[in-house]
Each structure stands twice: as structure tokens, then as C-alpha cells.
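Structures incoming, each one as C-alpha cells.
In the two complexes that follow, chain A is the common piece, with chain B as its partner first and chain C second.
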Partner chain A sequence: MNLKNFTSQKQLKTDPLAEASNSELPPKAPVLSPAEWLKANLFSNTFNSVLTILSTAAILLIIRGLLSFIFNPLRQWSATATNMRLLMTQAYPEHQYARIWVSLGFLLFLTGVSLAFWRAGRSVLLSQVGKRLLAIGSFIVLVTLLAPFSSEATIIWLIVGVFIAGTGFLLKSSREDKTTSSMTLLSGAFLLAILSLWVIPYGHHSYISTRTPKILAEPGTVAMTTKLPWTIMLVVAICSYFLGSLIRDKIDEAKGKALLSTTWLISPLFLLFLVLRDPDFDTGHLFSTDIPIFLFFSIVGSVILLWLTNPDIGEKGRVISTAILFVGFATFLFQMLMIVRILTLVLAFFALAAPTFSGQKPARIRYTKVWIGTMVILCWLITAINTPSTAKVPGDFFIGGFAITLMIFFFTMVLAFPLGVLLALARTSKFPIFRMVSTTFIEFIRGVPLITILIFFSVMVPLFLPDGMDLTEIAAVTIAFIIFEAAYLAENVRGGLQSVTRGQHEAAEAVGMTNAQKTFFIVLPQALRVAIPPMVGQIIATFKETGLLAIIGIFDFLYIARSVIPGQTEFMGSTRENLLFVSLVYLVICFSMSKASQRVEKRVGLGER
Partner chain B sequence: MTSKFVKLLAVALAIGVVAAACGSDEEEAPAAAPATTAAAVATTAQVEMVADGSLLDTVQARGTLHCGVSGSAVAFSETQADGSVTGFDADYCRAVAAAVLGDANAVKFTSLTASERFTAVQSGDVDVLIRNTTWTQSRDTDVGMDFGPTTYYDGQQLMGRASDGFTANSGAADLEGAVVCTNAGTTTEKNVSEYASLAGVNITLKTFETSDEYWQGFIDGACDISTTDGSALVGRKVKQQPADEEWVIFPATPISKEPLGPTYGQNDSKWADAVNWTVYATIIADEYGVDQSNVDSAVKEGELGRLLGGDGELQTTMGLSADAFHQVIKQVGNYSDIYNRNLNPVGLYREGSANAGWKDGGLIYAPPAR
Partner chain C sequence: MQSSAEEKSSTLQAVSQRVPLWRDVVVIKWVTQLALLAVVVSSLWFLAGQAGDNLQARNINTGFDFLERPPDIQLSEGIDTSPATGGRALWVGMVNTLRMAVVGIIFATFLGVIVGLARLSNNWLIKRLAGLWIETLRNVPLLVQMIFYFAVLTALPRVSLESGPINGWFHISNKGISMPRVFISDGFYQWITVVAVGCIAAHFIRKQRLRKQDLTGEDTRSVSWAFLTICVFAVIGIFVHPVFSFIGEIFAGLATLFETIPTSLVKILLSAILIFLAARWIRNFFTSRRSATGHLSLIDDDIFRMVFVGTGALIAIILLISWTGISSWILNSGRDLFHMLEAKFEVDGAARPFDAMKPDIVKPGKFANYGTSGLTMTPGFAAVFFGVVFYTSAFVAEIIRGGILAVPKGQIEAANAVGLNRGQSLRHIVLPQAIRIILPPMGNQYLNLTKNTSLAIAVGYSDIVQVGQTVYNQTGKSLPVMAIWMLFYLACSLTISVVVNYYNVRMKIVER
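Moving on to the complex of A and B:
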């Protein structure tokens, strides 16, 4: 506030000669004693002093109120603890629960390897960590003294606060240049949290239907079913990080990163349909129909595409691709499997796009590989969807709670992003028809509240479907989310597209790029870089918007906390506890996403170049 | 120029293809419909073909009963911490499964909100809806539902604090100026305003999205009166009344009639008979004092013999197995078993209520098995 005057005073005291010799370096901020800092930042004049005192009092009162709410003996925290499984996965069968852990473990493994490959860790000054810990510890001590705890709780929290502050104090006085990796700190924090499962008696909560009262709350550690798997999860995460750092140096890093990105994109499809859904495959049908169709299309398609990407093929190629498209149409006139029609049409699109990707042999082979990959995913999806799940649960979907919130969020982001980019390209296109369709779509969707679209898709759309076609409510609302978010993402991307200067377009044209090449290799990469901040905002908003699912009665995280748990005889009136837990989870996730995006922005040099 | 034209044509054709894919009949692989992976998220190929027959045949062929419940109604259908569904309504779902399929556990529960419950029956997502649904004229006629026998006679009542001067004999006249809280968008809201305006008193109505929220309002003192079905009032009083307060429920005669029971799609007598007689069987067994514990050893003659024992001719003509109702009583229990197991813990007892048997002055009555 009044820092400027203060620094100038400081500078007067310093030796003018020393000042001159240091003129090459940027000026260093003066080191202030705590009293000086307080005066400069908090009590610089009467008005600021009053403001400081009033806002400190307000903050302390709010914290005191919150703490006395949380630690009130009337609070039914056992409602949240007992129903943790319900909150996370709704009614996933207990004897199949290993599937949940396998999925989580796989994702943690991917996280660990990815963190290593992208060198996410950075070195942190130990003294800096010490300062933070000291601040946190002192804050806990201060709050404990203010909060209306029982004397026993006060002592426990005081000890915790003093311990943290003491650790911080020791670290603070360590050598100036001593550093540690932020990854070490992160795994340390996780290690402490998971070790506490083994040591601290959080209380054992379980539901046993044959007992009265049904809820068992007894002192002891958390059930074995929770602490052991979590410990394994921690080990997996740490080991995969070290494994990642080892192989990072052995193989081509760019290739490894590409492989990891692809795995991130497609693994949820396999985790969901193969691991979590526990599909009941019909082996006979698989070998007699599904696999032969897959092989036929990948082999024949590869041959056709290899030939079509030949740069010398000319007009002949276009005629053939159009012919394949007509064959795709014709399949709808005859009785045949739906999968054959879909794959023929996809082949037609690949054939039509082939000239854009024509070139030397490696480029052509790469294009063929993309085709085979698409076949794998499409055939797998179509087969998996038509296979019934054997996970028998109450409810109309095999998983619920936080898992369904995450699932819908993931599919929305993965599918809304390409759709949004396409819409943005269409809206800036030269062809009036594309422009009109895209603008109408975007403006219409943006003009309607999300909840209206959700209700429309969950209630009305199933009534419009032709006979024999069945869209579950989950799929319907996922589509609703996708089109809504795509419209918003499209506008973000359009902003990015407009920031790419005319010169870039002209330069691309000057080196002989086609329109598609110019868009995909020159314009889009620059546009998306600029669009990162608004897009991350949109992603975070989407995650929070999944809470609207509770209104249309899908058993998501919020619905279970707000309606299902208070509907249990034992836990009537526990809404506020559950809502507080849910908001904490949302807060942690949204905050982490925001932090991650800031790092990405730094990495691509946004706002610096 | 030509190449651009071809590209444009290709894209136009592609749009046509997608439209065609969406509009065409799906003969062989229904769920694989439009190639969008979006649709792929959770579409399952469930073809529910009721080929002119009764739902009873469909359910027996499928081997599982699809039952619609609330999933968050205290004592009626609760979703427990392990995901299982328990409660009075849930037990009647199990009873129907025991009668129709011989296995009380062959039930797939679908939790439905109040607004989606009837659509779920009409679209065939659930075979029977046992979700504390009140039998009303418009639902029976206009909405296109048929109602089974009432399993629970409920009625809307009000609850206030004794310290505010309310007693069990209070009536509409005592409500002048009171803040009345209830669920948003339910008939309780309409009933209580009608009740107050008929008596000519002014009340302030406050509505909340979920029942737990307006109870919180009542406990915190933001509401003078809380109103909903009597069964829920009793449950809340038993579970949530603070030690230093006295909550009273009034008036003695409820201000509305809420007969709750199973509901199903209309014009399917065979299915309706199976559901109705499952309920009647639990009531008849209760009249004879035959319950879960003694059903195997009880002497079965006369009406009991026709219902539970012997060659079960009455049951086989309905399309059920001969021992269908024996299985109901054995696996789930008679009316008293179901009632006491689920409703006693929340302070609801049959004695002296409308849900006592007809011989004890209640309304629970079944036609004879003959």
C-alpha cells in the first residue's frame, strides 16, 4: 500500500557505491523485519489499520463459526463415514470391488508415469517449505485457542499445531541452498495421510443388514478393505513415478509422451466397459462375427487407404472415395449388421480425407495406423455396448455417486472438445451453409439454460427414439452435456482463431499447404494455445455443473449426499454434514485443476511471448 | 475448383448419411444406432418385447422383476450404505418377486423421482411401481395407471411445538399467523393452503426442495409448523425431537387421505391379479396368524389351505406356481411381519391406526381366497 515511500527510505540508507556496482542485476526487494512488514502492508495509515482489524475479526469469527459447526457433538459425521462407499460408487457389488481398485490403480500408474515424463516435479527451497509449515502450524494453534472445543480436543489440536510449526521452524533455519523436489513433498503428504489410516482410530463403520441397530460404530482402525488397498495405491503411484523417470531416459521421449496421451484418452473406455462393467461376452458370437468383421475392415481398409494416399493418384482417388461413400449409403437399403454400415461409412470418410495426408511412405503408413486404431476403438465400443453387464446392482445403472460424476465429466470433455473445435472452424468458415448451421447451433444452445437441456434429454428424447432403439438416461444426459459444452468451447476456440494473424495464413499458403493442412498444422495449434485460459475455466465450470444431475434424479455424488443418505432411518437430518463433505471434494478438485492449468500456461509461454 | 466442389459434395453427403443413420430402423443391432461414441456411453440393447401377452409372461421369461421405488424415503424404501434397498415398499417388491418368480431376491430396484415415476411405468422401465404413490382419480384415469390394493393408509397432518401452545386437539383455527414448512411441488402444499383458507386463517407457507431441508428449518425454529404425511411426522418425532422440546402432531383426523399401494400400467388384468393377490395373500395370512416363522408348520385347511397349501389350483390358474403365496410368506412374511419390521423402528404401530386389520377396527381387508 505504502510500499513505495518505504523502499525509497530504505534505499537512502544504502551505500551509493555498492548501488552502482550492482546496477547490472535487477534491484532486490529490501529485507523487512516483521514489524516493518506489518507497518508497510497492514497498518500503513489509519484507514488501512481499521480495515485490517475489522477484516481479521470477521475472518476469525467465520472460522470460529465453521469450526464450532464441524466439531459440534450433534453433527452426525458417522453418516458420511458409514456411507463413503455409497457416495463414491453407489451400489457396486462388494465381491466385485477389486475392479474399482484395479481401475484406480491403473489410473494412478498412468499418473505416476506421466508426471515423470512431463517432469512435473520442480525443486523447492527447504527454507520456503519451512516458512509455509510454520505459518500453517501457527494458524492451527491460533484457531484452536479461539474455537470452542472440549479441553481434550483443544489439547490434541494444540499438539498438532505445535508439531507442524516446530517442523517448519527447523526446516526454515536449514541452509539457504538446500532444495527438495515438490514430488517428494507430495508423496510425503500422501504417505502421512495413508499411514494415518493404520494408526488413527477414525472409527470402523459398516452396514450389516441382519443386526440391530444396523450401523456399527466401534473404536478401531478403518476397515481392512480400505486401508490395505489405499496403501497399495500409494506404492503403485510412487513406483510408477520412479519407473517413469527410469524409462524416460532410455526411449524417445516424444514417442513416450504420445503413447501416454493416447493411453489417457482411450483407457477410460476399456476400464469402464471391460473392468468396471464386468461384461458377459458371448465367445461364439465374438469369434464368428465380431473379430472377422474387425479383421476384414482393418486389412481391406488399410490396403485401400495406402493406395489412396499415394500423391500421384489424382482425380481417380476422389472418384473411388466417393464410390465408397455411395456403397456406405447403399448398405442402408439392405439387411445387414449395423456395425458393417457404420464401418463402411467411417472408411468412406477416411478415404475422402486421404489426399490431405498423402505424402512419403512414413506419412502414409502413419495414416493407415490411425485407421487401424479407429477400427479397434469402434469395434470394441460397439461390441462392449451390446454386451450386458454382470455387475448386478439396484438402480438403473451399474455405478453411481462420485464415479458417475467423474465418468460423465470425462466423456463430456473428451467428446465436447473436438465437437467444439469443429463448430468453431465451421463458424469461421468461408462456406455460408457451415457458418449458418454452426452459428444457429451455438446461439441456440447458449440461449437455453443447461438444466432445460438436461430435462429435455432425460425426459423427452427417449420418447422420440424409433422403436427398438434404446438410449439410457445416463447416455442421454451425457449427450446433453456434450452439446452444451461444445457450444461454449466453440466460442472459446473462435476467440483463439481470431488471434492468429493474417500473416500466418498467408505464409502457410505461400509454402503450398492445402486448406486442411493450413488449419491443422498452422492455425489451430496457435489458436488453441491462446484459448487455454478460457477453456480451463469452461472445464472447471463443467465439472461443477455435473451437480445439476441431482435435480433430474440421477444418483450422482450430490444426489446421494442430499437425498439418499438423509433418507436412511439412522441418518435422518444429516444433509448439512454430507453437503459439507461434497463441497470439500468439489473444492479440492476444482482448485487442483486451476493450479494445473496455471502450470500449463507457463509451459506454453502464455502471456510471456 | 473441381476438387473443392467434390469436397463440398462429400461433406454434404456425409451430413445426409448421419441423418439417415439416425432415422433408419435398426433391425439387427438396435443399440449400435448412430455411430457417435456419445450414444455409446451407456446404451444397452434391452429389447422389451411384450408380444401381445401379459407382463406376467415377460417377467417370468426374464427371471427378474423390475420394481420402481423411491430409494430415499425413510422406512418405505431406503438405499442402505451397502447399496441394498430396504423398507416397507421394497419388501412388497420382494413379495411380488417371490410370488411371480419364486425368489424374493430376483428384484432389480430402480430408484425414481416423483416426476419420473409414471413415465418409467409407461416406457416399460419398471414392471410395478411401489413408491409411496397416492391413489387419486386423475392418476387412475388420466395418467393411465391402475392401482392395486392399498398397503398403507396415510394422511397429511401437522406438527408444532407444545411450547407454542399446540396440542393434539389443535385445529385450523390455531394456525393464525404461523409459518408452515413443507416439500416444494407436492400435494401437501396444496392441501395445507386449502385447509387454512377453508378455516379463514392466514398462514405463511415456506417450501423446501428436500424433506431433510425443511425439517432442518423446523428444528432451527425458522418454521412454526411442519406438515407432511403422518407416517413421516411420527418418524421425525421419534428420531429428531430434542430432549428439551415436545413436538405434537395434530389434528387427530388427517387433513387429507393418502392411500399408498402398488401401481402398474393399465389394461393388463393378468399382471394386475398377480400383484393384487400377492398383497391380499399377506393380509389373509395375517388374519390367520400365519407368519414367516410358522408358515411351514401351520395347519393349512379351508381358506389357508386354498391359499398356501395343497395343489394350489387357484394360483396355477392365475399363471403362478402352486406354492407362490407360500413362498411369499416364507421369504418375505405376512402383512404384520412387513409392517413391524420396517415401520416399528420409526415409531409407527398398527394398533389403533387405520392400518390395523378390519377385525381390530382398521382398514386392512382382503377379499376371500375361494
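Moving on to the complex of A and C:
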């Protein structure tokens, strides 16, 4: 601690308020010399010393075993490297691959801007970074000494380890108040990784899918088709971060955040149906049917809703919205386009909910805007789904591998959340039949394993559908996931709902809110905030559960790693290598999700208020 | 004055006016609910109708007759590897699932407690190792772990026709992990009866010692005394257990009793029990709704509950009376149970309660495998076992850590202040308080573990899901098999949650 800090502290001590706040800080841990640290943390008594020695021996043995497994010349790591494309997107055609890069680039762009807008990252002390680097460097040196490397490789790795440790050592002794942003560190790490693609000879593995597929393994850096797009991706991500921080100061931050959240929700659908599939739009049908239907519903619906949200409308409004509901049900009795039926029913629900959102002019206009937005998404989505794709892909579905894992995960989360909230509301409602139905449903789903539900849906759904209706296996399985996760999310939300105190309910009733208004504006916001940590846990669990797709034979990440690649004649018996790669991907993603959620928890101040 | 009187009368008028039907809150509430129920039921009805039509069109019948027919199934392991009927095959699968669940729960708890305590250790290295264990294992999907363990196990050295005799203590190969086996022998059931008597005796001895401790204040070591009593009985039991073979006669008598009871008696008895239960529930409900002054006011919700319970009981009774199968099934299974117990106790003479054997390799025809003499974990079993145990142990460790950290530090300091040593304060102060926090999430983990054993299908361990899938692939009876799965897992979940709830209630702090 330098003199300047010392004096400033002394000045603070004269201020009684500052002293009070100062005394609440925990006392600083004393700085221990290495010998003292060892004594305190590893050899404090006989039992601890024995434990330390035994576990050190065990660690060394395990690392040695792992290394001799990983660097065994019999290992076929080229199986994973060659099939990287298969693992990520399955059989997506090579000449259409630009679509995947565009999608990924857009998502990275969104990530960068969002990180800037939500001010992600925190400042890290440089000395802390130094400590970490020192630890990593020492670990690399240790591993190099234990690993069965050739002498050349040993020397290279020793140099790398010593270099990192040295950098760490230099940084460690830097000034105590020097900080850097964690985002800088992250982009630095990515930069190094991308740079290594251009410099370090990882080897060039390619899979040539001629009539008799050939596998090429050449020395040199990785293929241009890999390193060029990744470099562009990195540039996009970093540029968008800086762009985001520029824009952030120029425009209204709340509005920007709202816009970004909406884009996040919609963009996967957009990318999926418009970019990845290359839809072949029938323009005639588009102009003669789709657009008129959309215009009709948005105009007529807006007028009706504007009128219905008038606070003075009273009973007439309810009668009219009930009438629309009946019309919606009646449409199923006549021959007509499915889209009309769906839109009528959606309009009926908007009309029924209108009194909850009634109010002054801005509120009414906002409600109407939400209606038009819903129409845009629904109409566009239905049109896009019904449009065939020109990207001809072998297999049942246009994409597979890690991409399908992510896709099903996204759809499950987006659709299971509202369903879960509904179920939780029904389970805590005053309506006994709602309560009973929802409780039975939730307890049933939670009582059986996911795999039985998945098998049930993938085998039985074709049997339950009426003639002429068809559901792909992917869709059926996604529905199974949604139902399963909704039951679990409902329990999390219920916990949140129960934590809202009685006084909040009573206060809402006292100011004259209806039941719906009370739930929507008072209870749910508080309940959902409390439910964030368990819900994030559930989201991580869902991501891990996507692996179950492999059991029912969908070409997901795990299935390709376990069954497809070891089936290639060149790579027989490479299951363990591929599975280690899959575990690593899951580990990195789930671990960073859980760390991020812990930070978010701290930020919203849960458990502190 | 007059105006206020007028106001009052108009208010009275407004109050006394009947609310129109479409504005009555109760009416709206029930109409909405019934409408929703109607929508749900009719859509389910529609789907079921579709399924019926489709099944008929594809010539699939959905009866349960496959349970009685011989299947063409060879199971990889279980109590019966070539079952005689489809029902027997599913039963073997259920036993395999339960076996995995029980073993997994025991080992996962044990390992989880160790890791959780290690996470709290003041040894830096141990703490970090436990943290690494937790973070790695809980962030890699269980299925990936299981398949990985399976891949590792099947890549081990092979057991082949050339492999010679094995040393018999511990052998590991691509056919699994084999070790000596201790198994229950003919005299086991008589012996366990002696031990049960010993437990009763131990209970009384412990009570007596505790009473003495309360009176005199000296440490009477009640637990050690009780434990010693059980051990003495267990040792004596090895020599005297044939005495208890007369119990078989009692069970034989009970079995004949079950044979002679007419089904109508069972029907009457069960109906009486149901009526009694429903009536008691309604009576208790009335008592709980009565205010302190004895005034009873019921809202529509309460009436619905009573009607629901009453109708439920009525439907159950009607089913019971009209469907003789239920009563005769109860009688038959009771009879079979007692016949089975009779057979267990029939053995007399100097049968030993236990026996032990070492593993060996047998070579029938062109194959080589472990024989039945040792305890062999097949690769499938081992993969599922290590998968669920390691995965769950990470979660259990976090629960244990959370529970212990939740005990206020002052409690431990107070325990130290009154002179308890570390072990005593852990046993008497920390654990009793931590266990209340630990138990509910632990119950959840046990439930998850049981459900997670269903992933065994990915590594070919014959659990209920895997056997069921084989059965329906052969017979095409997918619907009944899935119904059996779901009922089985629901029963498991219900059992575990009942047990955990029972302990929860017992452990709860008694409040005023």
C-alpha cells in the first residue's frame, strides 16, 4: 500500500459516517509468505499433512495416466478433427455453408452489442491476472514434464510454460491499483486462439466425400475454409462490442435493451427459416393470400382492440370478446385455412385480456402495437414454415449435430417458459379444477423420466394425429421437451409466487386492480425475480438433457460422436476421443452458464434485499 | 339527516338486490372451470379416438395379453435371463432398475458426503480437488458420462478362450468387474428372525440404559450396548437358527387362510375401509372449517372438495364391487407371498445363513465369460452405476456443504464453549440442524437418481425401459408397455417422496 492511499484512509477516519461504513468491511487477510501459507493450508496438523501427501501422489498419478491416454499414438484425435463439420452441422451441403457463417456472425454481432449494452465484464486487478497466469504456466511445465512427449515437443512446451509463467510473474508485481476489463482479457484470449490457427501447424484434416470417401491428413496449419471464417467471426464480435458501446451512449439505453431482447427472441427463428433453409417463396400465393390475411387481421384486430381497451367499455367488451372466442372455435367446423383459425383464436385471447391492459391512450396504443407485432411474427412464421427449402440436404432434417442441439434447446426454453408460468399460476389459483388439472399434470411429468416421455412422443405421436396432419419427429420431440421442462419451470415459478407476501396482494386489491392486473403487474414481476436462480439451474439442466436426443436416434451432437464417427471405416474405435471432445464442449458451456448466472444473481441483489 | 337515511336505504336496496347470473362471481368461476375442463376432456377424447382408429387401421391391438405370452427375449442380466412370459421379462427389468436405484442411492450418498466434507476441509489441496470433482461432474451430461464409462470399460483387455484361471479377488476386463461374492444361503431367513428378535431386545436395553443415565448422570453408552446386543444375537443366531423353522408352518397356515376367504368378504372389508376413510376426512374437514365459536361457513371451494372426495370414494367402491379381478388378485398375491415365505423357512438342519464364493471364468462353446460364482458388474451395470453415482455425488456434495454452512457459526462456538469436542459438536449440534436443510433437496436427488437409471438404455443394461423397448419392438404393444413404464416410475417417485416427507415431518423443529 503506498503513501497516498494511507493518507486518504487517515482522512476518512476523521469522518464518522465513513468510519461506520469502513468498519463494516471485513478485515484484510494477512499476506503470508509461501512457507507460512504451506504450513497454514496444507500441513496444519498430522492428519492434514498425510492427506496432502496422499492426494498429491494421487493427482500426479491421475495426471500421468490421463496424459499417457491422451498422447498415446494409438489415439485417433484426427477422427474428431476431421469430422468437426459433421459434429457441428451434420450433412449440411458444403456450397451452402456461407449461410451457417452468416447466421453465426449475426448471433456473434448480437452478442457483442448486448455485452456492451448490459455492461458485461468487470474490472480485474492486473496482479490477480498475473497470479492466474503464473499458475497456468507452472501447470503447463508440470504437465510437460509428466507427459510422454518427444524431446522436441517437451522443449517447445517448456518454453511456452516458462514464458506464460514469466509474464504472470511480471504482472503479479505490478501496481496494486492497476486494473483491466475482463472483456479485454477475453478478447485477448480469443485473439491468441485465432492467431494460433494461422501460425501453429495443427495439421490439415479434410474429408473428401466422393463415392468412396477419402480422408486427407496433411501437415501445416488448418484449412483456409476453417481459419478464414473464424477470423472474420472474431473481427465481427469485437467490432460489434465497440459499436455497441458507441451506440449505448448515443441512444436511450432502456429502448436499446428492449430492442436487443426482442431481436434475440426473434432472430433464431429468422435465421433458421430464412437463412439456413433458403426458402423458395411462392410470390403469387404470398401476394394473393398471405399478405391480405395479415393486413386484414392487423387492421381489424387493431380497431377492435383499440376500442376494447377503453376503460369505459364495461360489459359490452366482454360480450364481444366472448363472441370472438366462439367464432374462433366455430372456425374449426368449417373448411378454411388453418392460419385464419389460429389468428382468430389469438385475436379472441387478446380481446379477452384487453380489460387488463386498458387505460389511457399510450397504454392502448402500446397494446395495439403488441398485437400487430404478434401478427407479423405469426404470419411470417407460418408462411416460412410452409415454404419448401431449396437447400437439399440428405437425411430427415436440414441440419444436425450441435446445431440441432442448440435449436431444440432454444425452442424448448422459449416455449416452455410461458407454459410453465401458466401452469404455476393455475396451480396456485383459487379455481379448484384448474388447480387439480395443473397439479396432476405437473406431478405426473415430474414423476416419470424424460426418456420415457421422449420415446412416447417419438413413437406414439403419429398415432394420435388426425388424418392428413403430419408432425416431423423433430417437432414431436421438441414438444416432449417443452412439456417436460414446463412442468419443472412451473415448480420454480410456484416457489417464486409463494414468496410474494400477502401484503402485496392486499395492496393491489386495495387500489382496485382486477385479479388479472394484480397477477400481471404486481405478483409475477416479483415472483419471477425470486425464481431466477432455480430457473437458470433448470435451463442448464435442459441443455444437458438435450443429449437424450441421441437415444431416440436423432442425429444430434452426441449421436454423431458416439455412433456415426466410430462407424467410419477409418476411425473404428474412436468413441472415447469423440466423447471426450463432447464432454469438453458441454463442460465449458454449462460451467460458464452457471458462473454467469451466479454473477447475475449478485447483480439483481437476490438475498440482499 | 334525511339524505343519509335515503342513502342507507338505497345501499340496502343495492345489497339486497340479487346479482344477475352472468355477473355472479361464483357462477362465472365455475362456468369457466367447467368450460376449460370440457375443452381438455374433449380434446383428450378426440386424440384417444384418433389413436384408436389409427391403431385399428394398422391392426395393432392394445391388450395386455402379451404379459402372459412367452416372449423371445434374452436379457443380458437380472434374476432371470430367459424369462418365460412378457410380464416376467418386465418384472426382471423392474428389479434391475430398483437394484440400480438402491445401490446408486447408497453409494452416491456415501461419496457425496465425503466430497461435501472435503469441500469444507481446511486443507487447500483437498478443498480444491473436491471443487474440481463437483464442477466437472455436474457440468457434463450424465448420458455422456455413462457412454464414456461404457466405452472405456469395453475397451479393456479381453476375456477370451485363451485367458487362464483368474486369481479370484479382483478381476477387470471387457466383460466387466468381478470380485468374490457373499450370498445368502438356505438358513438366512431363520437367522434374520433371530437378529430381528435381537433388535427388539436391543431397543429395550437401550431404553433401560438411557433411563439409568437420566437418573444417575453417568455415561451409560446406550448405543454401544444396543449394538453389542444385536451382535451377540447375530453370533448366537448362526448356531441356533434352525429352531425357527417352525415359522414356515405359520406362513403355511396364513396361506391356507387366504385360500379360504371368499372374494365377497374382501370386497365388503375394503369398501368399509374406504367409506370409513372418506367419512373421517369429511368430518375432519368440517372441524377444520368450524370457527372457534362453532360457526360453520363453507365456500364453494370447500363444497367442491367434499363432493370430490365423496365421488372419488364412490367410484372406487363401485369399481371394487363390479370388478372381481381386483379382490381375487389381492387374495392370490397374499397367498403366493405366504407360500413363498413358507418355502424360505422350510429348510431345516444345519444350513448356513451365508456363503462366499470366488469368481472364475467359464467357457461354454466358443465364448468366454465370468461364471455365476463371483459378483460381476457387467460393463452396462458398471457404466450406469458409475454414471449415476458420480453425477449424483456432485449434487449431494453441494447440498451437504450448503446444509452445514447454513448452521450459524455461533452454534459451533457455543458448543465449543460448553466443552464439547469437535466430533461431539458435529454429532449433537451441527448435524441435527443441518439435516433439516439437507433432507428435502436430498430426497429430490434420490428421485432424480432413480429416474436417471432409465438412461441405462444407452449402454444396454436391462432396466425396465430397455426391456420394455425390446418387448414392444417384438410384440408391437407400445401403448401398454409405456403405460407400465410410467406407472412403475410414478410408484417409485411416490414411494421416495413419501419416505422423505415422513422423515421431514419427524425432523421438523417442534414449534409452539
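Operating definition for what follows: the second predicted complex is superposed on the first by the 578 of 609 C-alpha atoms of A that agree within 3 Å, B and C clash if a C-alpha of one lies under 4 Å from a C-alpha of the other, contacts with A are read in each partner's own complex, and residues count from 1 in each chain.
In this text, contacts are C-beta pairs under 8 Å (C-beta built on N, C-alpha and C of every residue); 3 or more make two chains touch, one makes a residue touch a chain.
Note that this is a predicted model, so its numbers are computed, not measured.
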Checklist entry - Should the pairing of chain B and chain C on chain A count as a clash or a fit in the superposition? => result clash
Checklist entry - Touching A:545 in the superposition: chain B (first), chain C (second), both, neither? => result second
Checklist entry - After lining up the shared chain so the two structures overlap, which partner does A:558 touch, if you call chain B first and chain C second: first, second, both or neither? => result second
Item to check | More chain A residues in contact - chain B or chain C | outcome: B
Next on the checklist: Touch test for A:92: chain B only (first), chain C only (second), both, or neither?
Outcome noted: first
Next on the checklist: Quick one: is A:431 in contact with chain B, with chain C, with both, or with neither? Answer first, second, both or neither.
Outcome noted: both
Checklist entry - Which holds for A:459: it touches chain B only (first), chain C only (second), both, or neither? => result both
Checklist entry - Once the shared chain is lined up, is A:444 touching chain B (first), chain C (second), both, or neither of them? => result second
Next on the checklist: Output check: A:303 vs chain B and chain C. Expected answer is one of first, second, both, neither. What do you get?
Outcome noted: neither
Checklist entry - With the two structures laid over each other on chain A, which partner does A:575 touch: chain B (first), chain C (second), both, or neither? => result both
Checklist entry - Once the shared chain is lined up, is A:142 touching chain B (first), chain C (second), both, or neither of them? => result neither
Checklist entry - In the combined picture, which part of chain C sits where chain B already is, 56-64, 110-118, 164-172 or 362-370? => result 362-370
Checklist entry - Touching chain B and also chain C: which chain A residues? => result 431, 459, 462-463, 466, 562, 573, 575-576
Checklist outcome for this item: Interface with chain C, chain A side, in the complex: residues 41-42, 44, 48, 51-52, 55-56, 59, 430-434, 436-437, 444, 446-452, 455-456, 459-460, 462-466, 540, 544-545, 547-548, 550-551, 558, 562, 573, 575-576, 579-580, 582-583, 586-587, 590-591, 594
Checklist entry - For the complex, which residues does chain C have touching chain A? => result 29, 32-34, 36-37, 40, 46-47, 50-51, 54-55, 121-126, 129, 135-136, 139-145, 147-148, 151-152, 155, 301, 304-305, 308, 451-452, 454-455, 457-458, 465, 469, 478-479, 482, 485-486, 489-490, 493-494
Checklist entry - Which part of chain B faces chain A closely enough to touch in the complex? => result 2-3, 6-10, 13-14, 16-17, 20-21, 23-33, 35-47, 70-75, 78-86, 108-113, 115-116, 119, 123, 125, 210-213, 215-216, 219, 235-236, 239-240, 345-346
Checklist entry - Within the complex, which stretch of chain A touches chain B? => result 82-83, 85-86, 90-94, 205-207, 209, 214-215, 315, 318, 321-322, 325, 328-329, 332, 335-339, 341-342, 345-346, 349, 352, 377-378, 381-382, 385-386, 388-389, 392-397, 407, 411, 415, 431, 458-459, 462-463, 466-472, 474-475, 478-479, 482, 552-553, 555, 560, 562-564, 566-569, 572-576
